[in-house]
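The same subunit A turns up in both complexes below, where it pairs with subunit B and then with subunit C.
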Partner chain A sequence: MEFLGKIIISGLMNGSVYGLVAIGFVLIYKSSLLLSFCQGNMLVFGAYSFWAFMIITGKNIFLSFMLAMVAGYMIGSLIERITLRPLIGQPMLAMVTITIFLAQVIDGIIVLIWGSYPLQQIEIFPRASLAIGKMVVTTEVLYAFGLAIIAMVALMLFFRYTKIGLAMRGVAEGHQTMQAMGYSVKKILNICWGVAGIVATLGGILLGATLGFQLTLSSIGILAIPAAFIGGLESPGGAILGGLLIGIVESIVSGYVGQAAGPPASFVILIMVMFFKPEGFFGLKEIERV
Partner chain B sequence: MLKVNNVEVKYAGVILVLRGVSIEVNDGTIVALLGSNGAGKTTTLKAISGLLHTELGEVTAGSIEYDNYRIDKLDPDQIAQKGIIQVMEGRRVLRHLTVEENLRLGGNILKESNIEKDMDMVYDYFPKLKTLHNSVSGYLSGGEQQMLVLGRAMMAHPKIMLLDEPSMGLAPMIVQEIYAMIKRFNTDEKNSILLVEQNARAALSISEFCYVMENGRIVLDGPSSKLAGNEDIKEFYLGLSKVGEKKSYRDIKHYKRRKRWL
Partner chain C sequence: MAFKSYYPPSGIYSNSYKKDMRIIKTKTQWVLSGLFFVSLLAIPLIPFPKSEYVLRIVIGAGLTIIMCLGLNILTGYCGQLNIGQSAFVMVGAFTSGLLNHYLGWSFWICIIPAGLAAALIGMLFGAPSVRLKGLYLALTTLGAQVILTYICLFGLPISSAGFDVEPIKMGSIVFDTPQKFYYIAMLFIMVMIFFAKNMMRSGTGRAFIAIRDNEKAAAAMGINIFRHKLLAFAICTFYAGIAGSLLVHYMMWVQLEIFNLQESVWYVIMILVGGLGSIEGTIFGVLLMTFLREIIYVMGPIAEAALTFLPIGAGSGILLLIVGVVAVSFSIFQPRGLAHLWGSIKAYYRLWPFGY
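What follows is the complex of A and B.
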């Protein structure tokens, strides 16, 4: 029982980060109907720049955090401006291919700047443990979980109540219609990528704090795809729930079956969900009037 | 004042769609643009609103001026910001958004606006939308969707509204209602409206001036009241022929009857 509790808590922790990364997919998919495969590498870039800011500012967490968010926004909007804007109106496949290989390019840039070895571990969240009944939980897990939930709620409010969030949802419905109404679709797509960069950076910081700052963190860019699809590619809330589900399943399977079986298990779930609910649990259904 | 001077539009660099179209829309007037399918009416509107740039079309000759300022090289969003809003044909609601969110998006492009007040204005024109304000717009009926896209454009207080077939696929009663509101909006706001229509009767009834297009050219123009009496317009757009006269076989063979302006 204690073992199960521990597994579930570590699943929730992983899951909330999956959820955050999945929100990045949702942001980009919602506005441009594009699945971005460089999300994981944006995440590593964000995490590494946070680490660098920590060193530069002498471990001023708040300042480094803010600077890293700015860096995340910049990398996201730069990617859109340089590589994807010329392709507006071109077939989706061209854009997807670009993001796949862009992932490698970002990887290369990171190695050029920071080298390929894991960075020195730095303490970010105060290390302490909390006893809940018989179980012991590290505070890191709680921080990660709390931040993920805050990010989710903030994004949902953002989409619902801000002008720019509403405009993003409008752009997702039809580019030409929005242009006729006076919105610059290019500008809005650019902001979307910027926000996706921020979300990736946030996920990267959480992961780096718990797993260490290393290049392999980028694999979460693929691992989080099931979370986005299960929740529904249009719903930030669905992405978080999908992430938590995937996180728990993965850690239960790796706990009871074996470490290596975890990630494939989440892909099996993805395939099963796709069979029965191709738009995910909270995705938008194609509207058909009867 | 909107001036379209001798505009030529090519699609994909080779297909000549407009062959020198000139149109003037004076401030505060409703101008109708009639023509059969493929005459180039929609292309004319897209050339004005700049939406041509988002397709393969291009203005290759002539100029489009709004208040003596050339707009034919601007992006569609810049043109819309200047107050020229196109309502595209086919009722392009933002399907997954609610009625209210659609309207808000229409008004949000204004730098200073009172969204709540403008929304009440739209609900005053189309009371039906008020009862539906929380419904997902994709599920509305055709007439309601048409009201919504018109209302969404009204939210931006356009100086010139470009309307592309607002009557398409709607019941006659609804068409009447929508046209009455278009006329009222024009009177209230003192703006101009360029109206593209297949439904010549409805268009002629509310417009002050009318152009007829065919094969990418303007073939006829004049005050709407005068054009409504034109024999050719009556025959080809209003479906009227001389009532009560004995018809000979020659009259029925309408392919023999040539339009006089050609």
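What follows is the complex of A and C.
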């Protein structure tokens, strides 16, 4: 029982980061009906740029955090401006494949700037451990969890109450309607990618702080895909719940079956959900008309 | 492909559908194709420097052509994205390798179950996604990559170091050197290209194209969408299985590490650079990208040593960056790939000097 509790807590912690990364997928899917495969690499880029800013600013956490956010926004909107805007009106296949290729480009840039070995670990959150009953949780992980939750709530408020957030939801509904209402769809898509970059950077920083700054962090971009899908690709709240669910399942499976069994298990769930409820648990069911 | 049927060579008038569908239309084309075949057969006999190294690259490219042909039938013709092709190559490789290692079956028997196993597992993964519209197949194939790698690593009675496989034998001839294996590879590549080319001229091939272009219209014309998508996926993974079987009997060793997601992404890049929905394009794309990769493999360490301001281990970044930029610029500026360029060159040659 104690073991199970521990596993569930660690699953919740991982799951919150999955949820955060999954929100990035949802943001892009909602605005352009496109599944972005370069989210994981944007995440690594954000984490690495945060690390670089930490070194440059002499470990000023707040300043480097802000600078990394700006860098994340820049890379997101640059990707949209340079590569995706020329493809407006092209088939979906072209847009999805281009995000796969962009993953290579971003990876290449990261390796060229920072090398392919893990970066030196720097302490971001104060390191201590906390006992809940008989279970021990490091404060590092708790900070990451708290930040992830705050970010999610902030994003949900952003979608609900700000003008740009509402416009993004409108763009998701239909490009022509929004254009007719006087919003620039291109501009909003650009902002969407920028916000997705910010979200990726945030996830990257949290992961980097707990797991270390290394290239393999980009695999989280792939592992968060089931989370986004299970929740429903249209719903930020669903992404968070999907992330938590995937996190828990993954840590239970890796706890009881074997360390490497977690990711396959979450993809098995993805395929099951696709079979029985293809729109996800909180997504919109599409009605097709000719 | 379109160029051939739309613009026949000058002076050739197709007065029956059969003539119109011919791949090789004139005597000159017959002669040129014959010369091309003969020169292909002569490649291993030419004693040029580092011939074994070059031959290994050529064989590697040849096997990649088989994998990419399957992928192009699915992605280019039927419009479904598959980013787990190397997982299905792995299924073929392991089926063939295990049958050979434990049961002692020869390659000629192993290759059939290898292809069928890959197709069967492919259909298993494809079934939930081809029911749906959109790019769900990309997700399940990604899942296939993760799940199948796990199953092969932990579910099979092997160690991660791999196990050995016998080379291909035919009577008393053992095809264990690149010079000899080259002919086996060529045989299979020719058969697979022939099959793909003819498949795409048949009713099934046209149904694939109809599904890619407009699913609703295709359904309205009486094409069974589910069955055809699943068939396209089965063909794609069958090609992967055949290539995997050839690969293990060529390397005489099965190892897990070469079948990763990066390889699958490579295959997608190759068919996109070559041209989606084009058999010739697949060949061009594979050859170009293999050539590029070899150049960068050779140049990478030199560049890393010369450019001292780069961090340690930056050599692999050069490869990723160049390949990524090539792929991105192809999909923005030349979305129809090298096949389109090839068609334009042919049109220019045919219309010269009155081309416009």
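In this text, the second predicted complex is superposed on the first by the 286 of 290 C-alpha atoms of A that agree within 3 Å, B and C clash if a C-alpha of one lies under 4 Å from a C-alpha of the other, contacts with A are read in each partner's own complex, and residues count from 1 in each chain.
FYI, a residue touches a chain if its C-beta (ideal position, glycine included) is under 8 Å from a C-beta of that chain, and two chains touch if they have at least 3 such contacts.
Since the structure is predicted, the reported quantities are computational estimates derived from the model, not experimental observations.
Participant: Check whether A:Gly146 is in contact with subunit B, with subunit C, with both or with neither, and answer first, second, both or neither.
Facilitator: It touches nothing on subunit B or subunit C.
Participant: Return the chain, subunit B or subunit C, that is in touch with more residues of subunit A.
Facilitator: C
Participant: So in the superposed three-chain picture, is A:Val105 touching just subunit B, just subunit C, both, or none of them (first/second/both/neither)?
Facilitator: second
Participant: After superposition on the shared chain, which partner residues are touched by A:Ala167: those of subunit B (first), subunit C (second), both, or neither?
Facilitator: Touch status of A:Ala167: first partner only.
Participant: With the two structures laid over each other on chain A, which partner does A:Leu93 touch: subunit B (first), subunit C (second), both, or neither?
Facilitator: second
Participant: Who does A:Gly115 touch here: subunit B (first), subunit C (second), both, or neither?
Facilitator: second
Participant: Take the contacts of subunit A with subunit B and those with subunit C, and give the residues found in both.
Facilitator: The answer is that subunit A has no such residue.
Participant: Going by the contact rule set out above, which residues of subunit C touch subunit A in the complex?
Facilitator: So the residues of subunit C touching subunit A come out as 75, 79, 81, 83, 125, 128-129, 131-136, 138-140, 142-143, 146-147, 150-151, 153-154, 216, 220, 261, 265, 268-269, 272, 276, 310-314, 316-325, 327-328, 331-332, 335.
Participant: What residues on subunit B touch subunit A, complex-wise?
Facilitator: Where subunit B meets subunit A, its residues are 49, 51, 54, 75-77, 80-81, 85-88, 92, 94-97, 101, 104-106, 108-109, 136, 138-139, 141, 152-153, 156.
Participant: Can you name the residues of subunit A that touch subunit B in the complex?
Facilitator: 89, 163, 166-167, 169-170, 172-185, 234, 284, 287, 289
Participant: In their shared complex, at which residues does subunit A touch subunit C?
Facilitator: That would be residues 35, 37, 83, 86-87, 90-94, 96-98, 100-117, 222, 225-226, 229, 258, 260-261, 263-264, 267-268, 270-271, 274-275, 278, 288, 290 of subunit A.
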